[in-house]
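Order as written gives the chain letters A, B, C, D, E and F; numbering starts at 1 within each chain.
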Amino acid sequence: MNTTSLVISKFSELANPTRFLALSGRILPWLGGLTALLLVLGLYMSFTTEGDYQQGETVRIMYVHVPAAWLSMMCYSVMAISAIGTLVWRHPLADVSHKAAAPLGAAFTLIALVTGSLWGKPMWGTWWVWDARLTSVFVLFLMYLGLIALNRAMDDAPRAARLSAVLILVGFVNIPIIKFSVEWWNTLHQPASVIRLDGPTIDPEFLWPLLVMAIAFTLLFFTLHLMAMRNEIWRRRIATQRRMAARMAGREG
Amino acid sequence: MIALFLRDLKLSVRAGGGALIGVLFFMTVVAVIPFGVGPDLNLLSRIGPAIVWIGALLAALLGLDRLFQADRDDGSLDLVLMQETPLVLTVFVKCLAHWVATSLPLVIASPLLGLFMNMNEVAIGAVMLTLLVGSPAITFIGAAGAAVAVALPRGGLLVSILVLPLAIPVLIFGVSASYAAVEDPAPFMPPFLFLIAITLFFAVIGPLAAALALRSSSD
Amino acid sequence: MSHAFYIYLSYGISGAIVFALIGWTWLDGRARQAELRALEAAGIRRRSSAAATETSPQ
Amino acid sequence: MRLIAEDLAARRGEDLIFVNVSFQLTPGEAMVLTGRNGSGKSTLLRVLAGLLRPEKGSVEAVFRDGRESRPAREVSHYLGHRNAMKQELTVIENLGFWQSFLGDVEGGEGRSIEEAADMVGLGGITHLPFGYLSAGQQRRFAMAKLLVAHRPVWILDEPTAALDASADEMFAGLVHEHLANGGIAIAATHQPLGLKDAKALVMKGFAYHETEEMA
Amino acid sequence: MIALFLRDLKLSVRAGGGALIGVLFFMTVVAVIPFGVGPDLNLLSRIGPAIVWIGALLAALLGLDRLFQADRDDGSLDLVLMQETPLVLTVFVKCLAHWVATSLPLVIASPLLGLFMNMNEVAIGAVMLTLLVGSPAITFIGAAGAAVAVALPRGGLLVSILVLPLAIPVLIFGVSASYAAVEDPAPFMPPFLFLIAITLFFAVIGPLAAALALRSSSD
Amino acid sequence: MRLIAEDLAARRGEDLIFVNVSFQLTPGEAMVLTGRNGSGKSTLLRVLAGLLRPEKGSVEAVFRDGRESRPAREVSHYLGHRNAMKQELTVIENLGFWQSFLGDVEGGEGRSIEEAADMVGLGGITHLPFGYLSAGQQRRFAMAKLLVAHRPVWILDEPTAALDASADEMFAGLVHEHLANGGIAIAATHQPLGLKDAKALVMKGFAYHETEEMA
């Protein structure tokens, strides 16, 4: 059998992860530095601005809560796009992408849940209510955990990637539910005041720190995502090489 | 296709005991709740529809994970995947058979449970109707989970975790339609129509996703 | 409990989660690279690097 | 009708199992696959049956001199290691199900269940639950499944494992008749199948270190 | 024996089961409830113990039927049956492994779920304690059912009729002990002691019956 | 140690499968069981392994000239049609489990897992999940199971189904070594096993009409 032709035909594909590693290695320091800078700036701004006359000092929780909540949804969207990449183009990087993103999404969702609860206690008088917004976020958290569990339960990486891609796409219905739950059902939770069609209705006093923090969180997500993807690629390489080593040993022995 | 439907029906009656274990579990749930809320008949009849719906939802999960696994284990799944008939259709028929074998008995048993929960006639009728319309949605969405579970040697709990979050809307609209039928101000039709819409939606999405998962998990 | 308590707690927990995330990703990367180096040292080279050098002149 | 496999390659998990497998079979031809354990026979058959997506290449059934083509899986029977029969159902129920579920592909007609059972030498015990049969009897009825619905291509993975000597002959007879009627058969085997004039393909297995460039 | 215990544990953790999944499953079930009965915190805390117990029962039932079937299907059961070690002991160890893999995580997670259901500390403690003591009973009695299921390839129906009615007393005593801990007049000890008695009884009867069924089922 | 089967009879469902089977095997002896499909080979082996209760008769392993006897099942390995290995676990985990669960019977010692894997010709891939192996590789590891724990009696049901030619030799070698160490082996088979000097027992199957008087 002619093996060189195969090596060549596969070479274009293989170039992808390799090129990705090289490229991301160059970008990462810059991205990380920018993230750190913006995070510091955002934190500074969120502690120096005025409090709200109605919500008092607790409005500062918003600067963490809202970016984390946005990120929890954005992360899922990133995963959904990668899932399409897996199913339609069968791109190995897409597999890696949504596998690496799931723990990040779970973490951001957890932050949104925790800060939301901590905000709810002084504002609503309770840690937790079962309203549509809160519950749909909780469901999102469970879906992240379910996906992580699914990925861990299978050691055949390409197959696990395809299956979780199907699930990610089916679960995407939850995202619009989270986004619009405050409008479809009447809940305790705030309706959107920043991202809406007729422009933000929020006081610019709060808008600036919020925006800076949101950008900082987004960059943080991308930094971590790139790092996690690199880790995942390395993990697969190691696995393949281990198998190969064992098989070669088996042949010679 | 009819052959497939009949075979699956025969199998679940003969081997799984699907119908009975579902109904029994259902009755167990309903029997235990009064311990929690106490013998307050008013309260019971108030939460009745919700309990019946939750019981039905949980009962539908039992056995769902084996929907495709049994076929994989004996090699039938291979032959099914090879055929010209669209896989989506095959999955759809399998879902129907599963629904008839496990959920339909629940629907039929629900009036009895409504009586246990001291619900009035209208409420019982409404619960039965919403169950009849809504429970297929659970089966369809469950099929997607079961198809994913085929790749796993023992799907069990994982399937339910993947499926339950998606089943929540069904529960919400089913329960609210049942309540709307009893309480005057709320109209019955909007949530009920929504329920129908969800079922139709899942009847398309579920088999599609399941077919996709089956194709990509075959090895 | 004052509002400050809730504010600092929420910043504290968020910070902890973020740091845990960063730390885990970082350490994971370090561990993977170490493993790769160990494999390299054991003499198992990726075939592709060899293949790449073989095929690139053509 | 011809069966054309072109430049097939397949992987299992992360490892390439074979590359560059090409062949053509015309009506009446059979091909026997041999090779060491783990050399990729079953993998190739599953690729032909459309159950594994090939890494490269294609398998097609071509009709009317290339003017029409269909995926090979739609015109094939696949008999794998597992029998695809339900232990809980009787043989009649099992075969009846496959007969009506599979249906006939144009160009031929399946036999009746009793006739098929007679042909595999087990007429008269079709009323037993499948789980009550011995290993060899189960395998024979799995073969009867090939007869109840018509498919021009038979893909067989170690069909005669667990069969006794007389059954080997019975099986060779079945395949010869199928070939005589213009069928095509591909079988992986470790035992002589008694098929004369069959093409042979020897799987070598792939040296693993040559294929690792993907990771 | 320890090897068997570890293997069964590994299997259920590896194959899409495991502690994480059990807890997740439980959380999903609990998250579903408020959608049904509505977000009334008082009501939730009242039905809380019952819900947690039902969730545990369901989690125990999912996958229990495959306890011996998986071993029979791949032939391991034959080898297990041949050994000199008493079969009862083997069954007992398998039950323990199943309990540790699926029920114990639930027991450990139950305080968290209690919080979600807005239960107070005493109720949470009581539920946890009763679960710890009562859930093994469900596993043991389920093992007998699973063994019968292996014996009768078509005995599905029988199993469900067998297992659930026997599990109901466990559920009832567990739930009523939990409530007794919260509500003043009712004493906690009697139902709790009863629960312990039931568990001990089933710990003997369950494996014995299962061993008997397995021996007479082999073919 | 001797293995003594006396006047065995067994039924499956309602039908008697065989009657009056008696034999004795002393250390170093092997017996090969042949017969048509469905003639009762597997049934006899399951009776010997204590998995089916005989209708009549007994099977015993007798030690020290009859002064001590144990049920044959406790001193036997049984290799049936199914491999008794878990798809989800790696080969090492599978073999390790059986090694410590089965333990050694006095009079011998099991080999280490790697050694056993080498002996069946598959050293080096024991870290793979069992489900990833080809049919023949799975069967070989099922044989390795016989080596990791010591049992004087081996009961083998079609051990070489799915094995390639080189594996047949490997298997014959294993059995010969076992016999040379004072073991006993009983195998049902349709293929020549390459065992010289083995006793032979041909199962006839019971003509159904002859047994109806029992019903």
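Quick notes on this one:
The rule is simple: a contact is a pair of C-beta atoms (placed from the backbone, for glycine too) under 8 Å apart; a residue touches a chain by one contact, two chains touch by 3 or more.
A quick note: this is a predicted structure, and the numbers were derived from the prediction, not measured.
Under the touch definition stated at the top, chain C and chain D share these contacting partners: A. To fit its Cα atoms onto chain E, chain B must turn through 175 degrees, a value rounded to the nearest 5. The distance from the centre of chain A to the centre of chain E, each centre being the mean of the chain's C-alpha atoms, comes to 36 Å. Between chain A and chain C, the centres computed from C-alpha atoms are 16 Å apart. Computed from the mean C-alpha positions, the centre of chain B lies at a distance of 46 Å from the centre of chain F. Taking the mean of the C-alpha atoms as each chain's centre, chain B and chain E sit 23 Å apart.
Shared interface positions of chain B, defined as residues touching 2 or more other chains, are 14-15, 73, 152-154, 158, 161, 165, 168, 219. Under the contact definition stated at the top, the residues of chain D that touch 2 or more other chains are 12-13, 81, 87-88, 209-215. Contact with two or more other chains is made by residues 46, 48, 51 of chain C.
Put simply, chain C touches chain A in their complex at residues 3-4, 6-7, 9-11, 13-14, 17-18, 20-22, 25-26, 28-29, 32-33, 35-36, 39, 42, 44, 46, 48, 51-52, 54-55. Chain contact summary for the complex, chain F toward chain E: residues 12, 46, 49-52, 73-74, 76, 78, 80-89, 93, 96-98, 100-102. Against chain A, in their complex, chain D makes its touches with residues 9, 13-16, 18-20, 56, 204, 206-215.
The touching residues of chain F, counted against chain D in their complex, run 12-13, 35-38, 42-43, 81, 132-137, 139-140, 158, 161-167, 190-191. Considering their complex, residues 1-4, 6-7, 10-11, 14-15, 73-76, 78-84, 218-219 of chain B touch chain D.
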